[in-house]
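Some structures to go through are shown next.
Next, two complexes with chain A in common: one pairs it with chain B, the other with chain C.
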Partner chain A sequence: MLDNDFIYLDYAAATPVDSRVFEAMKPYFSENFFNPSAPYLPAKHVRRIYEDYKNELAHTIGAKGNDLVITAGATESINLAFTVLKNFENANCIISKIEHASVREAAKNLCKDVREIGVDKNGLIDLKALKNSIDDNTILISVALANNELGTIEPLSEIAEIIRAVRMDRLSRNDETPLYLHSDASQAMSLIDIFVSRLGVDMLTINSAKVYGPKGIGALYVGHGIKLSPITFGGGQESGLRSGTENVASLVGFATAAKIAKEHVNGNRKKYEKLSKLFRETLVKNLDGVIEPKFLGNQKKQLANFAPVCFDGLDAERLIFKLEDEKIYVSTGAACAASKGEKSHVLTAVGLTDSEIAGSLRISMGKTNDEEQVKTAAEKMAEIVKKELERIHG
Partner chain B sequence: MLDNDFIYLDYAAATPVDSRVFEAMKPYFSENFFNPSAPYLPAKHVRRIYEDYKNELAHTIGAKGNDLVITAGATESINLAFTVLKNFENANCIISKIEHASVREAAKNLCKDVREIGVDKNGLIDLKALKNSIDDNTILISVALANNELGTIEPLSEIAEIIRAVRMDRLSRNDETPLYLHSDASQAMSLIDIFVSRLGVDMLTINSAKVYGPKGIGALYVGHGIKLSPITFGGGQESGLRSGTENVASLVGFATAAKIAKEHVNGNRKKYEKLSKLFRETLVKNLDGVIEPKFLGNQKKQLANFAPVCFDGLDAERLIFKLEDEKIYVSTGAACAASKGEKSHVLTAVGLTDSEIAGSLRISMGKTNDEEQVKTAAEKMAEIVKKELERIHG
Partner chain C sequence: MAKTVFVGMSGGVDSSVSAVLLKEQGYHVVGVYMKNWSKDLPGMKCPWAEDLADAKRVATKLDIDFEIFDFETEYKQRVVDYMLDEFKKGNTPNPDIMCNQEIKFKLFYDISREKGADYIATGHYANSKDGKLLKAKDDNKDQTYFLYRISKDSIAHTIFPIGDMLKPDVKKLAAEKGLDNAYKKESMGVCFVGDVGMKDFLKEYLNTTEDKEKYLKPGQIIDRETKEVVGFHDGAIFYTIGQRHGLNVGGGLPYYVVGKEMEKNIVYVSKNLNDDNLWTKTLELKDVILRETPTENMVVDVRLRHRAKLEKAVLKNVAGDFEKGIATAVLEFENEIKRTASGQSAVIYVDDVCLGGGILK
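What follows is the complex of A and B.
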């Protein structure tokens, strides 16, 4: 695991593989390496293990193994979900304005009519606007369960309620056009309940890399009767939806990680609520009132491990470098966007000014963080912010 | 590594991860787990490592890191190669009749006009027919470097020669329509030279899982100026061609495996030539002339570790089960096809009768096999074959 000589606060970008996960994966690299489709006993044994772990993974979201398509990660899962649009002419889809690039780009490239729904200052989707934008050609609504920059938890069950009403209305008119709800739950798995029936989703993207599992593996839950199209063609694995030799070791890792996450959802939430409170209070206190940090989102509807914060007028990138000198690692937003120097569309959508966006940091906590780390991080951050203010204002 | 209590002779289906490969991967699961796109130093360090290993991987095929798109495996690489057709209306493509399902299915699904070229009894492509089937709308020719059932090594440089002539002709008529050669080199990497310039290919699929690297990672070499379309959309990694957080641990493993493979190409060939000879001779000798085993392919143009063999009139699946009882593991053909009980299109294409196809085994050797194992396997196989003949003919 991690050394204690640095403080990592960017768990929303990547998580280290849990040692129990790594141990579970190990035998499938070189002992049980057989191709699960081969005809001899040890290969059939590997097939059984693969299906068993797929079932275990499915159980963590209240589904069955057969409901899952195993992919190479969340991006592929999301793109696969959007193929549902292919079967309908003039289909439109609805996404929120704060979706991750993978949803935005999949929507843009796989649908001619993408309707983006605004959010309030906390990142909560405008349900009325969502409802109003649905018409008879709307096939898919895709809203992340928890936003990757703010941690905002979206009201999926209320969206599902709206969808149910639309379905009833369509049925009453003998219109059999389906309307599906897909959600990217990448950020949420270790922090909130993600049972598909309770969320009310028809499709759900889950991601190993954000839940202390290996990178390069994800899954898409697909409800009964939903017809998707494969993105790649070949040997016909995963019921023809995802060809390619099964990545047994990584699936074993993902399922193990998901199981651990599910078992600790409540404990995790309590831990991070405490740490987040400590972080916020220590930061405010140590800033001595020279600047009011603006915590983004509404903690009541936010993943407990998120504490995104804005220092209006400061340069977040400078803060990141100064924090890095102290071995404290935070980011500005989505890693893939940040690396391209793009302005956050999420922070724009919640109504932040350019100056506020430029001064915003994403703090996301995880397993290795404890009270001491979080307190130290907040103290150092306050110190650096004060020095920056002095440098600017003299 | 493998126990010595069984004899695995299906290396064409899957290879165990080399212990050196596993050791190289290890630090990237939980120590250097950072998102390569994140802004702080340890993440930038991971980015550098990723690019370094990508370069190393590219060097094993005589290319540069920037020429590679890292994918989740050969199937995805092949599908990505076929997206080159998207930019041309009425495009046609040419494949051989013995391509793997991933090439056949990608071609079928991404191209309206797929031309299949026959092969001779050894699986060598009919170059004359290939030449004749090229017209002004032919954009892509895809022929595997080495066939996955027969091990037959195709004359890629002769195909490249034909392509060069077509290009010259097109240019002389001011026709700028390109003609590209793609090859799936999945089976070949540890046994023959696969420098892209010497092969004469424009695109090359390479596969970690067949070269003692981890499953779930592959790459596509893409020559300069070739325009592909992404299969999935998102964060824009891999120059926009393959979105999704980079799978650092697996790439490190793949590059390490490829490097080891390249260093031992000559030694491997010599080892397997010897083992293959021993296997064939022992088998023939121990069959006492009661049946003439028909070795498929022409050894001079075959991967040295392949010894596909046909026992006309016998049931290969029964042989597999009998061999399994002796802890000897072989297959009938491609694992993904075998598991669906499909008749081998490869063996059909080389002109085998249904009865010959039903009696064919794929023997493919690898690292753990030694003279003793190979000799034992041949002896046991002869014994089982003789018993089967007795059972049938009394």
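What follows is the complex of A and C.
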């Protein structure tokens, strides 16, 4: 797919469009360009294709086309999910302390009472605290399926279990106030086989850009009976929730990418487990014990393609620039947070010291990576780390 | 043992190349990003975080240490507050000149020296030799206009690595060294410099009810010759003597701002390019700084704007402590010059030496 002379290890930030996806999209730019809402036959044909692909996309998460609202990406989907709060007075919502900025900001702007739940040193949410912070005005709980900095996979079905109990309790008291579970599954889709019913979520955000599909398109799965408010006003597309002419080419791309991802979920996991192990071992070996790299998260509960690593006392940004010179591209934390020069709230929440946070890199692998690339990257990284240590300590 | 140089790195091409040159010359180089301003203004994203990353990237590639000096508080106190005060008085201050005097060649200089620097360096187009500030080789880029108020002591310990280079050569060298900064859009220094930025800046900072009522209100534009009201403005504070644009007065010859009455919030304009208020042969200066003792009635060259051509003048009546920058003086010009707004600077040269200058009363 990628015929490049660089080694890309930041798949959590962006993925290249799969050539099969690109091929599938092509006819919908200049040939079948019609507006799906137009009255003539070729347009109706495009409408049918749109609905077909929407169904196919829905099927990849065990849902129906009608359950999906197509949006311009995960941020929009998340914002849409949080509009559920608008229907309730005094509503509060619960999120984890390590949610992506799109969740944190949507919550902050659409809810007066946001309750943040802490996580353990591996980024796993404190279920007990979560349970205790629910009261009769809690309407929405939003926890990512997998964290975007650590790759930590959260126990969603256990959260769903807690929610079910709360619902039962409310009903037993004739209280019909709903309690919904939303999850941002952007990072997880190519490594976890997702079924909305199995996860127990009421709403789920999925994102094309992280599964080798085009950027600028995402979807929100919305369970039956959940009332949301529009995020754009206009021609009434997407059940009136997200007006604007349908982005047919991108949806075709997204659906195609999601299908490919689903087919390869198990193979992917095995591949990345192996690569991750190789990366970690090569790095440790080549560091000759001059520094002990701290791998963040618990691999058993982490997306297999993640290998976040911390070099306490070093400056991760310098390592990035040095690696960049070797055409190896890695990142610190979330790209959006990094560009603002802010300290990662995720790494803070898992209890890292400021110096550890400053020395943390996010390594996330993907399709183009093979053993040779991963090994080279680990060797170069070790070399650079050793040089930086020499510069500091003379 | 190699001498230590702390080089101010803004992320731009000039300071990046300066760091490269110092390293090649064998100095022990420490890169410093001065964080002076990080606030976004309406419709204007302050690029400080990107600039910082650009600077750090260069430092990393050069294998030099890199530090951030956070001067936001001091910058606010010494540059921003000064600017607001001056604008309120109806003057047109220059933030870069104040920033160089107070931040780059005072704070940055002092802290760097404390931390063991033998020299500081910046990416300004200027030269220093034997404690004297000299014009840059690149006439078109010479930045001594902005540096005229810096102290003798700091000049004696400052290296301007690109002072003998032409801008195109600086860019070329950056490209050769593989520095991405070679292709970076020229920055204007602080975010709010430039006409539009200054207006947004003032609107944002004149935020007390009192200031708003006093300065951010509509007023009359009066033609000085006909005494007629020819239009309205949104605050006299936004206007500068000599300014031609943005008067919302349509048709015919352009109007120029020839005066302001801050108390009455009136802006005076004229179509007469020969209006007395636009031209003069004499300028009275305050806050005069001179790094050498002037002779009586000394013939000097004067620059009234960055990149403006030099004007011949006689420097007279220097009174007060010019070493401290608190003297007064008078400049008598050979030819009539276009008057610049009060608060702007007149910078004095003898040959290639920038002697100092003063602020227009």
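Everything that follows uses one rule, which is that the second predicted complex is superposed on the first by the 392 of 394 C-alpha atoms of A that agree within 3 Å, B and C clash if a C-alpha of one lies under 4 Å from a C-alpha of the other, contacts with A are read in each partner's own complex, and residues count from 1 in each chain.
Note that a residue touches a chain if its C-beta (ideal position, glycine included) is under 8 Å from a C-beta of that chain, and two chains touch if they have at least 3 such contacts.
Predicted, not measured: the structure shown is a model, and the values here were computed from it.
Asker: In the superposed model, does chain B or chain C contact more residues of chain A?
Answerer: Counted on chain A, the partner with more touching residues turns out to be B.
Asker: If you stack the two complexes on chain A, which partner ends up touching A:Ser37: first (chain B), second (chain C), both, or neither?
Answerer: first
Asker: Quick check for you: in the superposed arrangement, does A:Arg391 touch first (chain B), second (chain C), both or neither?
Answerer: Second partner only.
Asker: Touch test for A:Glu317: chain B only (first), chain C only (second), both, or neither?
Answerer: So A:Glu317 meets both chain B and chain C here.
Asker: Output check: A:Ser355 vs chain B and chain C. Expected answer is one of first, second, both, neither. What do you get?
Answerer: neither
Asker: Which partner does A:Glu246 contact after superposing on A: first (chain B), second (chain C), both, neither?
Answerer: first
Asker: Between chain B (first) and chain C (second), which does A:Ser197 come into contact with in this model arrangement: first, second, both, or neither?
Answerer: In the superposition, A:Ser197 contacts neither chain B nor chain C.
Asker: Taking the superposition as given, does A:Phe29 touch the first partner, chain B, the second, chain C, both, or neither?
Answerer: It touches chain B, and chain C stays clear.
Asker: Can you list the residues of chain A that touch chain B in one structure and chain C in the other?
Answerer: Residues 317, 324, 339-340, which sit in both footprints.
Asker: What residues on chain B touch chain A, complex-wise?
Answerer: Residues 1-2, 6, 10, 13-19, 22, 29-31, 33-43, 72-76, 78-79, 100-102, 105-106, 108-110, 209, 214-217, 230-237, 243-250, 317, 320, 323-324, 329-332, 334-340 of chain B touch chain A in their complex.
Asker: Across the complex, what residues on chain C touch chain A?
Answerer: Those in contact with chain A are residues 48-50, 52-53, 56-57, 60-61, 63, 65-66.
Asker: Write out the stretch or stretches of chain A touching chain C in their complex.
Answerer: Residues 317-318, 321-322, 324-325, 339-341, 387, 391 of chain A touch chain C in their complex.
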